[in-house]
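See the structures that follow.
Consider the two complexes below, in which subunit A is the common component and subunit B and subunit C are the respective partners.
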Partner chain A sequence: MAYQFDFVDVFKYTDVLARGVGLTVTLIGVGGTIGIAVGIAGAWARGYSGNRALEWLVAGYVEAIRNTPFLVQLFFIFYGLPSLGVRLTEVQAALLAMVVNLGAYATEIIRAGIEAVPRGQREAGASLAMTRMQVFRHVVLRPALQKIWPALSSQLVIVMFGSAVCSQIAAEELTYAANFIQSRNFRAFEVYFVATGLYLVLALLLRQGMRSLGGWLVFGRRA
Partner chain B sequence: MSLIEIRDLHKRFGAVEVLKGIDLDIAAGEVVAIIGKSGSGKSTLLRCMNGLESHEAGSITVGGKVLLQDEEHLRALRLEVGMVFQQFNLFPHLTAGRNVMLSPMVVKGLAEAEAKPIAEKVLARVGLAEKFGSFPDQLSGGQQQRVAIARALAMNPKALLCDEITSALDPELVNEVLAVVKSLAADGMTLAMVTHEMRFARDVCDRVLFMHQGRIHESGRPEDVFASPKTPELQQFLGALS
Partner chain C sequence: MKFLRLALAALAAFSLAFSVAARADALADIKKAGVLKVAVPQDFPPFGTVAADMKPQGYDIDMAELLAKELGVKIELVPVTSANRIPYLTTKKVDLVISSLGKNPDREKVIDFAAAYAPFFNGVFGPADQKVTKIEELAGKTLGVTRGAVEDLEISKIAPATATIKRYEDNNGTISAFLSGQVQLVATGNVVAAAILAKNPPKRPEVKFLIKDSPCFIGLNKGEPALLAAVNAAVAKAKKDGRLDGIAKKWLGAPLPAGF
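What follows is the complex of A and B.
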């Protein structure tokens, strides 16, 4: 094999990589948080509110997003919306696309959790004179999230990988950084090897982070 | 005036009419047992009394409050009647104490410091003062059901509905729950209970209702109902139990 590996040529661009990692982390941190909030609201609307119009509206949103490619959703937001006068920066568009995308998947995941909470739990809350909203907040939500937390964590990792697609609108996240570097030094193998390693580390950290967050927020047993 | 007044109550699930005209008055302080075969409508009747099941025709009034199906009226009525379920239905993510405190805090808007003494009092009432910090999965079935009773009592209801509250318990745990119910009855709590515990019904209740095919088929004082059942259906029902 004649190819000579040269990682030094990649590490010259450490600052570019670091900025890329920074934006990827920001995208998944902010987009993930808002996306899960959207998912909780969507799951409430579609699986709990009892409002037919709302159920159909959210069902339409969920199915539209789940049955179209993320790249197209991203292009639609970044290139399509300006025709309506909505002009977003690359990062804003990337964030919005991730929130919209994760929100739809999270809606379905969390709805499954809500449906897995036994009916008797809601009846107990209702019989204690709670409103439907109070029952949702205090009785249903936490057990529902407990049941689907691992699935939600996996979805978050998937969405983080999806953020690589945002390089296509020149959001300067990790994949964009890798593309940029290899276009300068032609060290494709080395650059993508490093980028792959970084994604792996980020994914493992994200899973661990979700485990800790879940232990604190969702599974936490406070007396 | 009766605490609970039911007039010509009709309820159907799809094509099946499960309640075919129920008239029932329960006085304050009265303890009523509802017995009958499964499918006779006894649980449905009980669940109608606090609006967990809607009804098509007839009326239910509790403590002067008419049961209507909108949330506001339902909640007003549910402040008057507590309910205890066969499957306990404790909230698994909360301690026994928090299970009891939740509704006083959320519904009545009490501060934690106000709700806590109430929870301690009702848990002591069911003999579980020391289990305040235990989670439901750390308690036996009998203890869970007593916490569920305490949770209902914390809202200070005028009446308590008990839906087969010992049917999911191991036999040796039944008595500790019935003892709590008995002491509530002795304290003058109004109780309507669907039960298969005939001895308990005979010893503790003021009145027994036998339900058959969606109607109150026979009713009376327990000593009469059990000793000399008039209808063949009740005779057959009691005969099958002994």
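What follows is the complex of A and C.
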């Protein structure tokens, strides 16, 4: 084979890669946490609140986001909103896009969990003189999250991969770092090989993290 | 096909005339034939493109027409690509090359260059309220650039450490970032800036300083001092009476830079 592999050329840019990994982790950490919170609120509004106006509002949000591409949502926030006087930095725009996007998907995933909680369980809560909110918090939410936790973890991994397109607005995450290095040394194979490996490690860590977090928070397996 | 036959016929006539006149002077030949043949691009806006009516148009075409007018002959535009523009000249299929041709030592070995007729440079552009005149003054500013482009590599080397360089995927990303105010300045080519100006945006990218200057020259065959002098005189005249400035404003959206 004529091509000479040279990974040294890539490792010269370790600091660039490290900063890229740092921002990707930050994006998924912060964006994922807020996004899941939005998802719980959305699922409550659409699947539990009983408020028609709220249900329609959330349904509109969910359908608008789930039926448009993430990249377009990102461009709208970054390039479009300044026309309305809202100028976000690329990191803020990336975070907002991820929160909005994950929020919509998480709403539907968590709502499915809520619907799967048997009606009798809610009634049992009500018969103990709990308010609707107390029933939601203590009787409905936890079993709902238990049912959909693996699906939610997968969605989080998908959103992390989606963060790769934030390189398009010059957010300096892992894909941006890889593109940057590639534009400097033209070592496409080596650069993207390393970047792919880093994404794989990040995804496995994220899944393991969600498993531990779930065990602790949702399944109640704390010591 | 018709064009090819015409070109072949022209070539045959030309070579016949040439063999008779043994070693004639190109300027005298042009005057005698009454036609100036110029190689122009047709795939490189705004220098040369094909208009909706299939006629070539652009900066280079206007320049070629101006020269023909100055020499008092008719113009014949010969579309070329960037790869074959110099061979067309050296094989005497054309008298001049006006095809956004930059000067470099390798080309100077093969052909002669007359006066520069069009500005072509990379620089830093920004709206009028950004007071930047040199690279040091980029300190603290946000600058947009297309990743991997010449201006990216250049500016990444020389920009002060406190300047923030945002690298976008392609020129459209860089332009959008500038127009939406995500970056204060952009480093790009004057042709890209001209493309923005053509759309009359609220934010006008005006040139602040140059990074790399490589103006376009008119190319002609070696050993043609009479033609060289006539072309240079015509360009100088067009510069003086403002016609060249008019062409620059029409196609590049900006007057000729100072000292051009």
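As a working rule, the second predicted complex is superposed on the first by the 220 of 223 C-alpha atoms of A that agree within 3 Å, B and C clash if a C-alpha of one lies under 4 Å from a C-alpha of the other, contacts with A are read in each partner's own complex, and residues count from 1 in each chain.
Note that contacts are C-beta pairs under 8 Å (C-beta built on N, C-alpha and C of every residue); 3 or more make two chains touch, one makes a residue touch a chain.
From a predicted model like this one, the values you see are computed outputs, not experimental measurements.
By the touch criterion defined above, A:Glu90 reaches subunit C but does not reach subunit B. Shared-chain residue A:Ala59: touches no atom of subunit B or subunit C.
Within subunit A, not a single residue is touched by subunit B in the first complex and by subunit C in the second.
Considering their complex, residues 144, 147-148, 152-153, 166-169, 173, 176-177, 180-182 of subunit C touch subunit A. Listing the residues of subunit B that touch subunit A in their complex gives 50, 52, 71, 74-75, 78-79, 82-83, 85, 87, 89-93, 95, 97-98, 102-103, 106-107, 133, 135, 148, 151-152, 155. Residue ranges of subunit A in contact with subunit C, taken from their complex: 75, 78-80, 82-83, 87, 90, 167-170, 176, 179-180, 183-184. Residues 118, 120-121, 123-132, 134, 138-139, 142-143, 146, 221, 223 of subunit A are the ones that touch subunit B when the two sit in their complex.
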